[in-house]
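Two complexes, one shared chain (subunit A), two partners (subunit B, subunit C).
And now, the complex of A and B:
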């Protein structure tokens, strides 16, 4: 079984999932718009775009700002649940032992079979926002924003996969998995500055946010919301940080997952 | 009858106790998700309007929390109940499976009010504003009662339907989430002729009563809202009862179609 087979299995699984579960497909398209509409609706009901710009401290379009935030939030939630939570799913349906004895390491199986889903879902959600981006920024501006957000989705995925695999390793060794994933996801999003920029946090929270790869993905995607062309130097810096974190988190997950697998097998936890 | 009621109360209390970690997790994660959302909204709010914006958002989300908890904890639990083969077990013992499902009102009430209280304390502490003061407690109590009746009726209606045909999970999630947007709209922002139409949307009238009870809305339509709440609660409860009877009758003759939610 090659790596391509793992990727292909993930892709085929998703295509059939969409084919057989239309309601899920509709909900996948509806969720980001509902979230965005609620956030902007409540925001404009209680305040204004001028207050938003003054609070954020930069000249940014609130609509594009929250489109970028919503996209990355949906993507990172999906990674945490789909990679981290897959261990739980396999345990429930009784396939975890097969995943553990497969020719590849569990972390590789979980990550590689998930990559097509991440790319497919994220780019479909990005595509549904293109009309709004073009409406806000014009054709060239809208397409530039789409490219910046697409870049953030792809580059941001690399460290996030390792990060989520570390939680998979944790879930292999502990009980009450859903109870941990349930609150871990919103905490990570809050600390990453999902809807409230991390640079506005107090110092202790800023320090924690600097350790999370999602912080930089949000910042990278939100560069598209700045009025005028996105700054190239800032983009390059954020991409470099994300590459560095990819190396760190993926190396760490590779080591931890091996230990967690051995421990789970030894203790009969699976 | 009393023995059955006692057994159902005992069952749900015991489950609540045994799933203690899930209970705490549910409250914690719900408060965190709402905090995440509120932080984004607050970016738009000027400092002088922060208290009123937070109070309105808090009480609207409190109302939504009841609606959402009842849908997922009463309606959503039906899938588990069907999968465990409990519908047939109850029918064989000449007990309506819905009496057990209705017992989830205990779980729904405990979870939703625990979330409201935890959220109130957490937000008051984080944002340094007092959010939990109520000007008219009796009005607040009656508004929450109407919300519980309406939410429970909706949950039972989709529970009953899910025993005959598959129901999309979106009826538990998306519709509930989308309804926050409807509930948050202040009645004063609408033109006069649209206000009664707006109040007639399920859940809106009791939520308006909650906003009046905390002094966040003008009480000009309070009697109309109370009347609409009573009528809607009765209609929704009757629809749920009718559906339950018809589904029970169908299931006794044809068996359970174990589909549920997906």
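And now, the complex of A and C:
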């Protein structure tokens, strides 16, 4: 018995879901392209690729830029929505008690059994963009972009797990039937600079932006969209910040989740 | 010496609820779910918690399953504290809290068991073999339903799958909260037979909650009757029945030969029985009714039959009337 089987259980659950729900599989592949098309379509309404470069102020291919944003936005939303929402989902279908009696700490069960799902979904979505990236940047450039985005997805997940676990603990405790992350997610994405560069924000929003791990994940992903070779020094800095935040948020969530678990088990919320 | 699998000591639990009073105001209300519940369950025993709705059965079961913390008191499963050693307790229990849900609808029965098996730490060939064995044990394989989606299952199939999951890790203790609730008679019977088999042939200890008297009587080795958060009685089924009445009634319908009078018959029977004897003629024959101590039942019945035979009487019907578990339940729970 160990964490490996716990991780594997999450992966197996998703594989079974895909096997039995083909529509879900198709929609998973279609969704990033739909979102990208929407972003690009709106972008081209405002002007050409050259206009985009001068407006945003970066030397980036808008297609690659939006692929990076789309992937990271979706991956980040997925972590926060799914880890937080998993408590609700299990509660609705009645599996929550049976998941919680797994022989691990509740926070470990909820977070670890989700990780394979996240990686599977995110990498499948990243993989489907490889042809576009290779078309825009050439073979080497496209694969380098894929690698950097993959790194952003993995490293960006670590602090978000703790971040999302705090919300999942909250949902467990207050016996809430709506996922508050549903309305919180867009705010987090805006503050992280998913749609507008963070330097345009007022001071208070910039401060909040600095506290959010997603800000650095977006930056990391966007480095891949800049024209020319990736800037290693910047990448290393962002990865270091994300690791630091991972430690901070996961330590915090571990403590809070313990308290929330105990409160939930005392109040009969399970 | 019998091994204690479950020990509950003076468990107490209150729930806080809030009653809405207008738009902004709410009133705090405390519900005393358990008021000091204590009992022990021994290895290989099927122990029933019998009580009306809201008596505290599910609260007790949830505490023992590590899904609820008691306010005070202690509970141990195989010596592990359900609060301090929750992870160790979880490794040793199998739980079924409800039969109509608790699985993924878009997964088959087998896939559901594979997932939960992994979640509980099983893997590889051991997991596959265990899943297959459980599907066979609960009869889903025989029904050809192991690889059907859970959403296509009948309630009976769902109940079987729930028991299969509870047994998946080969636990020492099975905790089942109303496992036959809502099932049709054949499914309920099959499940009861399965529980008896699991306990008596495979040496599992089973804690079952129910308010089905018939089920409690045939499945449980010992029973605790719980009412308003307190255990009001705990014993074997026979022991509980004796709490209501010490006596049983033996009734016989006989046909007398012409030479035997009712008086002669009554005197003959009174010589065998220490208690009250009634002899009444009816359209079908003569009805004899005697009141006995349970310990006298077999000896008195045999002696009565011998004497009736020697008198030339033919016995048409024998009936033993004793208090039912329902009588005990109603008496002890105040008719709730």
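Criterion: the second predicted complex is superposed on the first by the 261 of 270 C-alpha atoms of A that agree within 3 Å, B and C clash if a C-alpha of one lies under 4 Å from a C-alpha of the other, contacts with A are read in each partner's own complex, and residues count from 1 in each chain.
Throughout what follows, a residue touches a chain if its C-beta (ideal position, glycine included) is under 8 Å from a C-beta of that chain, and two chains touch if they have at least 3 such contacts.
Note that the structure is predicted; figures quoted are calculated from it, not measured.
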Fit or clash - subunit C, subunit B, common subunit A: fit
Contacts of A:94 with subunit B and subunit C, given as first, second, both or neither: second
Subunit B versus subunit C as contact partner of A:42, first or second or both or neither: first
Partner chain(s) touched by A:2 [first = subunit B, second = subunit C, both, neither]: second
First, second, both or neither for A:125, with subunit B first and subunit C second: neither
Subunit B versus subunit C as contact partner of A:27, first or second or both or neither: first
Which superposed partner A:13 touches (first subunit B, second subunit C, both, neither): second
Contacts of A:187 with subunit B and subunit C, given as first, second, both or neither: first
Partner chain in contact with A:168 - subunit B first, subunit C second, else both or neither: neither
Closest approach of subunit C to subunit B (Cα atoms, Å): 9
Contact residues common to both interfaces of subunit A (with subunit B and with subunit C): 21
Of subunit A, residues touching subunit B in the complex: 21, 23, 26-27, 30-31, 34, 37-39, 41-49, 51-52, 55-56, 62, 66, 69, 176, 178-180, 182-183, 185-187, 189-190, 194-196
Touching residues on subunit A, where the partner in the complex is subunit C: 1-2, 4-6, 8-9, 12-13, 16-17, 20-21, 93-95, 97-105, 109, 113, 262, 265-268, 270
Residues of subunit B that touch subunit A when the two form their complex: 21-22, 24-26, 28-29, 32-33, 35-37, 39-46, 49, 53, 56-57, 168-170, 173-174, 177-178, 180-181, 184-186, 189, 262
Of subunit C, residues touching subunit A in the complex: 15-16, 59, 62, 65-69, 71, 87-88, 90-91, 93, 95, 97-98, 101-108, 111, 114-116, 118-123, 149, 165
